[in-house]
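Quick heads-up: structures coming right below.
The two complexes that follow have subunit A in common; it is paired with subunit B in the first and with subunit C in the second.
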Partner chain A sequence: MARRLVGFHVLRGMGVTLKTFCETYPWGRAVLRVLRIPSTNGLVTIEYPEVKQQHSERFRYFPFLVYDGTPDDLRCVACKICEQECPPQCIHIVMEKDAQGRPVKVHGRTLPAQFDIDMSICMSCRICVDVCPFDAIEMDNAYELSASDRFEHMLFDKQRLLKSNEYFQQIKPTEASEVDQRLAAKQKKTAAPAQAQPASAAPSSPPAAPPGAGPAAPPTGRTPGPQPTGPPRAPQSPPPGA
Partner chain B sequence: MSPEIDTRPQVETQTLEVNLGPQHPSTHGVFRMVATLDGETVIRLKPVMGYMHRNHEKIAEGLTYIGCFPYTDRLDYFCAMTNNLALAVAIERLAGIQVSERGEYIRVIMAELTRLVNHTAVTGFLLNDMGAFGTPLLYAFREREKILDLFEAASGSRMMCNYVRPGGVREDLPAGWVERAWEIVRAYPKFLDEFETLLTKNDIILQRTQQVGKLPQPLAVSAGITGPMLRASGVNYDIRKVDGYSVYPRVQFKVPLGTVGDVYDRYLIRILEMRESLKILEQALQALPTTSPSISPKGAAMGKAPRTFRPPKGHAYGRIEAPKGELGFFLVSDGSPQPYRYRIRPPSFINLTVLEDMCLGQKVADVIVILGSIDIVLCEVDR
Partner chain C sequence: MSSLDQLFVEVTRSLVSRLPPWLAPWASMLATIGAIAAAAPVIMMYLTWLERKLIARMQNRLGPNRVGLYGLLQPIADGVKMFIKEDIVPRGADRLLHLLAPIVAVAPVILLFAVLPFGRNMVGADLHVGLLYFLALGSITSYAIFMGGWASRSKFSMLGAMRTVAQIISYEVPGVLSVVAVIMVTGTLSLVGIVEAQADHWFLFTPWGFVAGAIFFMSGIAEVNRTPFDMPEAESELVGGFHTEYSGMKFALWYMAEFLEAFAICAFTTTLFLGGWQGPPIPFWILAALLALLVGTAKSLALPARGLGVLALVALGGLYARQPIPSWIWFFAKTYVLVFVLVWLRGTFPRLRIDQLMGFAWKFLLPMALVTILAAGLWSLMPFPYGTVLAVLILAASYAVLVRWNRPASLSPRTYVLAD
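Then we have the complex of A and B:
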């Protein structure tokens, strides 16, 4: 007959709220244990500025540029694939060029003179990371970036985007070790033809791509002509043909 | 004075036009209802939408197919995974991409977890609309939080997942993910029992929801209503069963159906669907293959170089049973890397069309409850 009683199920529902109330406090949990009521293990509030939530390793926020060793030795070759693929178009890249307008090469690789990401537009989708053939751009998990000015503080330039590979290994150990393995395998592949022609010194080599190739042509060296649509497959640092 | 003239005192009544929204917490976003009231009874209701229009369909025509995925996350922000899945299904139909076995299972697991997230949250919001401020909603959000943590572990983001790709999923599941998913699947029925103790037979809820906002079966069918709303009216139509896409034909589950089609039925259908989702999850987690890759080679190549992906000329419509109803993407390809036409069939928008029919003759306080029971997300309505 309890079913007919008006308000009985309201009271039962209140029992649920009372139980949840008890679960919120240590003494309440003790009471529940004594009464042998199974606890459903609610979530504990994280007192944010003092305590920070543990993020999972894959947590992504904004992208950053990875460098090995010194900040001059960044992996990015200014191929502009990420700029092209970025859905909200928040990346802006300018390739480093000399007075004649030819791309400057360091260790056989071109460099970005300018690499800006407008973080107020970025939607953290990770597509730039997926498309980068050089593993030069990765997702950061630093999130406390609020600023009072959009253009001054949220437009990240190259200096602000650069972060070391050690930092990457620290925030995302699994992904970073995978990337390192992949890069080492690529290096091994490209080292073999380079050893066959040890005379070709990397720094003084002229640009392999003809002037008409445009900035999108990656420094592959193996591709004879300009290939604006095809993405480069491997970062072969010293062009063997040169 | 002639005897024909009625001399009894007359009360002159007027109808009152009330604007509910656009900045109103009960409208679940920026949505306006212009209700014409006679006393407290609604005699006319005009929905006004478009405040959240973001031009997604036109923007997508300038993007690569992969580039559209992050925008689909922002359609129905509760169900990013199923939005991704619907677009992936449409692209697979367009280009004939095979999905890897493991990818299919991961997708189904993610889709059903999304259904849990959506139905839990919408039930909490429905109660919020009835005046139970906070309590049921926060219980719902507590459980949602646990699933969002799972999404973050797999995809890197809690809500804007951008995880499903044509051919499978973007990354494989991280180590220990399946165990964490099992924990949630095992603990969820207890939460549902507790939630139902709190709500299902509660006298106040019965009073507020039963026989309110009835949607007759013929109207539901002719208006193109889909999802839990249609099934609450007693129509057995679930695209997981009808189309049998992905691995749904291989798992056992039932389609709960309502009888009356009122707000209470819509609430109850969602609770029952969550229980069925848990059954699907159990079977999918059990059968998750470990050997095959999470994405097929063609899909992986497409993800690495989106601009090289040029589907053949033609068109395709891919649809799935999203938590809110039938979510479909219609794509027209002209052979270029960008879609020529990109059209979304949003369940929220089409389910919203019967709002006036359900509200006529009801009290103004019920309008809020009826709107809550439709389960709309304005970002999806306006796109």
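Then we have the complex of A and C:
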């Protein structure tokens, strides 16, 4: 009977807004509970600068360069695959070379002299991470990168892109452990032939081992594996500058 | 300071009595004018804040809360923004009328408050024809809106202005007719007299008063162009309606006129139907205790501020414990309840179509308002139970008949010959 009266649905509509209004206040929720009206916590707003949204582990925004142990121990060998694959072409890499134009090797690897990513162009697609054969570049989840100066602050150079593997493990534990396992497996596969090799190769690898293992070992506690990644990796890397 | 009810009256009187006698009447007048002129912008500013807060909560949002505590400084920030904005007048516009229109809109709305009884003995000017004064000044806005719309030389403004004029003229008729019942019963046009006539029973609780109050309030909403009757400034159709071409302080004046008129409609509905400043004799300490509870549990306030507020309220409640809640608090409380209803309606209903809008005024509200006059006559002239019962019956019957007559023609389902 009441439903057929003109105006009933008008009042019911007003009831809906009033309920929504009450749901956003603690006292309102208490009243609704007393009246046995099912209610939810009406406020869904996250007050951003004070409260931050909980992102999933896979949330990504901008790439960074991973180093093991010390910042000079980059995984990147300046192979330029990411530079070529980057859809908006925001990566710029220059390999470190000596006066004669030959690639310089540190820890048994070539390394970039310059590694710039333009944040204002990057589209967060993660293709650079997918194509990197050395797991040298990963996605960061820091997203508060706005700045007033486009060229000073949005152009990230090598120094600003460098972040440690521990940081990676901290922000994305699952992905980082996968990467670590993959690297360790690769290590084992390449280390075995290296040990089996004749003695001529042997003297060259032990001297390289201590500097790499020294700084990396104490703080990390990451996948043990043979730390001196230099020589075993070399055969896998594509010819620099190819 | 002995009576909380007459606080403002006594303060003014004691200030004026210190002046030389030839100056006293002028000073008394100036005090009233100054109080109203100062209160109007403040009321308007905090009405915008209140509306934004309430509507946000109805939409599961928080509303302004960045500028100051609870966003209380937001209206001031908005005011500063309006002040420093560029004042743009379209090429080919009538510059004088373009400037004049918002002023013509605001002035009568502020003047409305002169006859409003804010509390016992608190009225700017108790005119014998206060109600007539209200009706006359209330309709000046339509001139201002048409002036602004025409002077802008923009089709959106013009269309909005034309809609406004059609709407305001239509809704004025049932609005005025619903007031006739009040005049009949009270026998006075003075607003103070009307409030005093409601000492035993507010008109809202009489059968005719309930209907007439609803009609008056609805026509009021339509006259101030608020949702669901906001055709003149339908954002989705007309950009901004009559104020499309306004910016800066002129735009702010339009807003001020609109919000003040909305407040005035609520205040006059309170005065005419909700008993004005009359209220049941509830002791003041209850209100003070409630406020103290509210302040004490406010999470956003700092602890010392909360303690201080609670202490002050408890002291105030103790000091005036025996007195009833002051009349001006009753008046503002009722008015703000109606403001809440206004915002509530805006948060609930979509905009009406123009034909629905006109049909609602002419085919439903107008006959209903005429019936309330009959019902009021029966109620006041016949002995108690018969008059009331008869009034209820007549109102209910005419409501049912009007709804039946206004039911939209239901078409039989179409059949398409070629579709089969």
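Throughout what follows, the second predicted complex is superposed on the first by the 182 of 242 C-alpha atoms of A that agree within 3 Å, B and C clash if a C-alpha of one lies under 4 Å from a C-alpha of the other, contacts with A are read in each partner's own complex, and residues count from 1 in each chain.
By definition in this document, a contact is a pair of C-beta atoms (placed from the backbone, for glycine too) under 8 Å apart; a residue touches a chain by one contact, two chains touch by 3 or more.
From a predicted model like this one, the values you see are computed outputs, not experimental measurements.
Participant: Taking the superposition on A as described, I'd like to know which of subunit B and subunit C A:A184 touches: first, second, both or neither.
Facilitator: In the superposed model, A:A184 contacts neither subunit B nor subunit C.
Participant: Which of the two partners, first being subunit B and second being subunit C, lies in contact with A:A147: first, second, both, or neither?
Facilitator: A:A147: touches no partner chain.
Participant: Of the two partner chains, subunit B (first) and subunit C (second), which one does A:I46 touch, if any: first, second, both, or neither?
Facilitator: Touch partners of A:I46: none, neither subunit B nor subunit C.
Participant: Based on the superposed arrangement, let me know which partner A:Y25 touches: subunit B (first), subunit C (second), both, or neither?
Facilitator: second
Participant: For A:I37 in the superposed arrangement: first (subunit B), second (subunit C), both or neither?
Facilitator: Neither: A:I37 stays clear of subunit B and subunit C.
Participant: Where does A:H55 make contact in the superposed view: on subunit B (first), on subunit C (second), on both, or on neither?
Facilitator: Once the two structures are laid over each other on A, A:H55 reaches subunit B alone.
Participant: One more residue to check, A:V104. First (subunit B), second (subunit C), both or neither?
Facilitator: A:V104 sits against neither subunit B nor subunit C.
Participant: Counting touched residues of subunit A, say whether subunit B or subunit C comes out ahead.
Facilitator: Of the two chains, more subunit A residues are contacted by B.
Participant: Based on the A-chain superposition described above, do subunit B and subunit C contact any of the same residues on subunit A, and if so which?
Facilitator: Shared contact residues on subunit A (touching subunit B in one complex, subunit C in the other): 6, 10, 13, 16-17, 20, 42-43.
Participant: Could you pull out which subunit A residues touch subunit C in their complex?
Facilitator: Subunit A residues touching subunit C: 6, 10, 13-14, 16-18, 20-21, 23-25, 42-45, 47.
Participant: Subunit A touches which residues of subunit C in the complex?
Facilitator: Contact set of subunit C toward subunit A: 54, 57-62, 65, 344-345, 347-349, 403.
Participant: Under the definition above, what is the set of subunit A residues touching subunit B in their complex?
Facilitator: 3, 6-7, 9-10, 12-13, 15-17, 20, 38, 40-43, 55-60, 84-85, 87, 123-127, 130-131, 133, 139, 174, 229-231
Participant: Could you pull out which subunit B residues touch subunit A in their complex?
Facilitator: Where subunit B meets subunit A, its residues are 63-64, 66-71, 73-74, 135, 139, 142, 145-146, 149, 152-157, 160, 162, 170-171, 174-175, 187, 190-191, 194, 197-199, 201-204, 303-308.
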